[in-house]
Amino acid sequence: MNPFCILSQLTKSYPTPKGDAVIVKDFNLKIKKGEFVTLIGHSGCGKSTVLSMLAGLNPITSGGIILAGKELSGPGPDRGVVFQSPSLLPWLSALDNVLLGVNQAFYTASRLERKQIAEYYLAIVGLANAMHKKPAELSQGMCQRVGIARAFALSPRMLLLDEPFGMLDALTRFELQEILLRLWSKNQITALMVTHDVDEALFLSDRIVMMTNGPEAEVGDILPVHFERPRDRAGILAHPDYYDMREYLITYLSDRSHIKGQYKASVENQGFDFAALKDQDEKCNPLVMEGKHIAERRNRPVLEDTTKLN
Amino acid sequence: MKPLISLEGVSKSFGSGQQKTNVLSNIQLEIKEGEFVAIVGYSGSGKTTLISILAGLIHPDKGVAMYREHPIREPDPGRALVFQNYSLLPWLSVWDNLALAVNQVFPHWSTSKREEHINHYLDMVRLTPAKRKRPSELSGGMRQRVALARALAIDPEVLLLDEPLGALDALTRGNLQEEIARIWSENKKTVVLITNDVDEGILLADRVIPLTRGPEATLGQPIHINLPRPRNRKELNHDASFKDFRKRIIESLMHEGRQPSTTTVRRTFVLPNILPEDLNAPGTFRFGRRSPVRHEEFKQEPLEIEI
Amino acid sequence: MKDEAFYRWITFLKKIRFGWLAPFFLLLKGEDPKTQCKAIFSGVMMPIFSILLFLWIWDLASKEIVTKFGTVPGPRQVWSAWKSLGNETRLERIKALEHQHRAREKRIVSAKKYKEVLNNFPGEMPTGLLSPGTEDALSTSSDAFQQANELLEVYNKISITLSKEEAQSVAALFQYETSRQYAEKVIQQALPLEIRHRERVEALRMAPEWNPSPDDPDKVVESKSALKKSESKKLAREKAILLIERQRYATEATKAAYALITSLPKSVRTLLAQSDKSASKLYPELKAWHENLLAEEAATGVKYAGKVKLKMLVKAFEYKPYPGKDTYFAQIATSLKTVFFGFCIASLIAIPIGIICGLSPNMNNAINPLIQIFKPVSPLAWLPIVMILVGALYVSDDPMFELSFLNSAITVALCSLWPTLVNTSLGVSSTDKDIMNVAKVLKLGWYKKVTKVIIPSAMPLIFTGLRLSLGVGWMVLIAAEMLAQNPGLGKFVWDMFQNGSSETLSMIMVAVFTIGIIGFMLDTIMLSLQELVSFD
């Protein structure tokens, strides 16, 4: 099966007087449809740069991104982004903030239907009673719920989460992770999240992509997460592999994240059987199809010129 | 043995009349000398209020806060407070920031003794090379080390840490946690640490006490962390009791204090079966009024809403 | 819900610097009296205390300094001067009412006297002789005829409504009789004071110390000058007190007169006002009527017998506004009008340019040097240029605005443009980057992006700019009015300075306080607006 999203040889550099500062170099990643992938790495390693290139907010220096068979250019509401700060428009109510995006993506729909969409998603994130409040009247956690609702309400092809809970305290984070998971499991939008929280990555994702330290960051290692869905926190904490995986990630972050070019070599040297995990991963995560119509509608002419990207 | 600090039935509320919010209610806490206590709670649950009461910055409405069997009335250099936002004086160098506090607390010392004292604590937090720098030239982690050194340099009996690592990134936080553990093991001060990070609490403290969700926050069942020291973050991962502590604390935080809602109403929300337009597709005629594309699925979801 | 609104209102009060009122509301609401009393002490008592202290020091200091206009006015003299300004306004109102009353009387009398003109018109003129154009004109003026008759009815009614005595007493009031009586009383009461004062001056002049003795002229001169100094200080103080006394009596007099006039029943007053209004409406029609007739006479040679009567009638209905001088309050109003007009011009220019500058860094770089150069220019430098340019460009036979008004308004605009411009451009260009990313992700079009995201997010800064602009404008206005001789507070200060009476300093002080208080009020209004558009 073709991957839904391909990041190929993705490189980002900024020109400086002392030559180009390469933030990300030759970043390769394939994401399946309906998969939840997490990028994890130290702050400043370029994981947010990868995400913002995928969002189209940061121009790509070289390489390319293919989403649903088309090469990306520029931002668009087909990729819903949840930013680290909620980035709500402070003069609009929660509902109007969501509606701003909905009006844009569903401009052919009737006013009533657009409002229904916005209300539906706000209700699911638990803000049915606070729809008409302004961001200043909401707590930071609630603001981020609006941010999540805004991204989901666009019915995007792909969801991009840029350290969505980074500014929240550890405990509010738990709540929002559960809300995110609940919402995500409703329609399994392909998602890419950036975080530095190991527990968050394990709780939410299907695969965790560890990045090496910048500059010239690349994929350092990939850990498939095979916990069954639907997940609940207690169950995952009690899972026999949980702390092994957690340790694996922590060890990577503290000891190995500065070593480049290790990804291929590392696969064989694990404490537990990664090959088996990978197989299991394939089985556990059958790709969930979106509606047939969505597929039809979105599979506009496939980009033929893939040679260019390789 | 008598406790060093004790809170008995402490309650605190802010505002008056209709706006009154009861932040803390009926807090019972006893801290022994030399103990490291971590209080873990949600942001906004009154953690800062609690530590301000311990420091003597505010006074409880009900109940008493005792320190060495005397009621706490005002701040006292015996109980040093470290804030999340460092609160260093930006126009003074690291050394001068420390000197200001030390000169205030030990005015009778000789200059050389004071200097030696300051250098000792700068060394302890490994900031000797940066002692002539201004806070603006330091990273967040280094600033927090300065704040820590300043608190330690006045030689307090109790160290009150109010989310000292909350504003730092994960890596720096890990390093500073180890630093705090090391410093504590060196001079065995009594420490009260306020945090929202469960792992931080388990890694550092002898006792972790969850603070339930506010308003009317109160302390939950304390959990004694009897892990051997020094504790290693990575090794802890394999420790069965670590997992158990972690699970118990998280569960008690997630489930305690969640107040049953007064009334719930079922409301149905409708998700129309329409698909978004592709705004990236070339040649989309934005002003053309056509009807949206629909799929067969039509979602209707009843949700329970608390009122 | 109601409580929530109440607390929102309290927060709002605090934001617009009226937080000192909050404890009173909270007390009424039944909140903890101890806290509220503390708040009242620090928020209300302390400012009052400091104001009282200021007045006391001012009072003490003012007595010691003597200028060529007498002592420096203390708070009491300034208060008296303020009252005299109020009194002046009242006198003007009385005079204006008197003027109206006279006109009304004239109309009633002439309407009665020339009633037959209205009733018989155009009876004496054979219709056949008139040209078709005039006949048309006369037929259209039959409306006016109708109205004139109605008006006559109204006036008759009025004279019936007001019985003879009442009419007389009103007339007597308008004759200013009462106030004249009071004025006499004033003179009587103030007279002894003045006489005593004169006597003292005389006695001093006759005193031996004032005349040099031949033995030791130096010593005498020395003691004389010392004496003169202390005596003149004493005299100046006495004179100040005298002035205050006189002012008090005068104020009492006009107040009483004004009260009598305004005690007319409201129904009568509205009736009078209505009739005045319809009379002034009627005037152009009567006039046209009369002119038509004259033209017709000239064309046909047929004389119209009632011509003179008609002319008198037209004259009686002519509306002449009272040609009084500008009172202090009228001058305040003019100042406010000028500053508001200038501020509007400034905002209309500055906000769009600011938005353009904020949106495009290129435009910003292009315009920035101009802003930086013109921003620090003083209004005194702008004014001559504005005067010359406006004088050359604004030439009209029937100008909508007075030249002096335009001059000062444009100067105000030129000086108050910059804060709004700079703040708007800053607000637009500093739109939160995350929010701009949201706009990008949603692919908002240019227009939507500007109207839905950029301008709302710049709103608080735009309003901060407007507030600063209005402050600058109000400061500049006084200077501009002084120089442009535009009626207003600036001109008032200048005139007072020029005429150099004994009240000069107090009057200028009154103007200073007025300017300060109005500036404060304008700022508070803008602050409230700013609060309304801010997000937190």
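Every chain is named by a letter (A, B and C) in the order it is written, and numbering of its residues begins at 1.
Heads up, the rule we're going with is that a residue touches a chain if its C-beta (ideal position, glycine included) is under 8 Å from a C-beta of that chain, and two chains touch if they have at least 3 such contacts.
On a predicted model such as this, the values are computed, not experimentally measured, just so you know.
Of all chains present, the one whose mean CA position sits nearest the global mean of protein CA atoms is B. The chain with its C-alpha centre at the largest distance from the centre of chain B is C.
Chain A and chain B, compared by their mean Cα positions, are separated by 29 Å.
Chain B and chain C have Cα centroids lying 60 Å from one another. Centres computed as Cα averages put chain A at a distance of 65 Å from chain C. Chain contacts: chain A has residues 76-77, 104-105, 154 touching two or more partner chains. Taken residue by residue, chain C touches two or more other chains at 443, whereas all remaining positions touch fewer. Annotation for chain B: residues 279-280, 286 touch two or more other chains. Against chain C, the residues of chain A that register as touching in their complex are 55-57, 75-77, 79-81, 83, 85, 87, 89-92, 100-101, 104-105, 134-136, 154.
On the side of chain B, the complex with chain A involves touching residues 40-44, 166, 169-171, 174, 196-198, 233-234, 237-238, 243, 246-247, 250-251, 253-254, 267, 269-272, 274-281, 286, 289-297, 299, 301, 303, 305-307. The part of chain C that touches chain A in the complex is made up of residues 432, 434-435, 437-438, 440-444, 452-453, 456-457, 459, 533, 535-536.
Of all the residues in chain A, the ones that touch chain B in their complex are 42-43, 73-74, 76-78, 104-109, 113, 116-117, 119-120, 123-124, 128-129, 139, 154-156, 168-172, 174, 196-197, 233-234, 237-238, 243, 246-247, 250-251, 253-254, 291-294, 297-298, 300.
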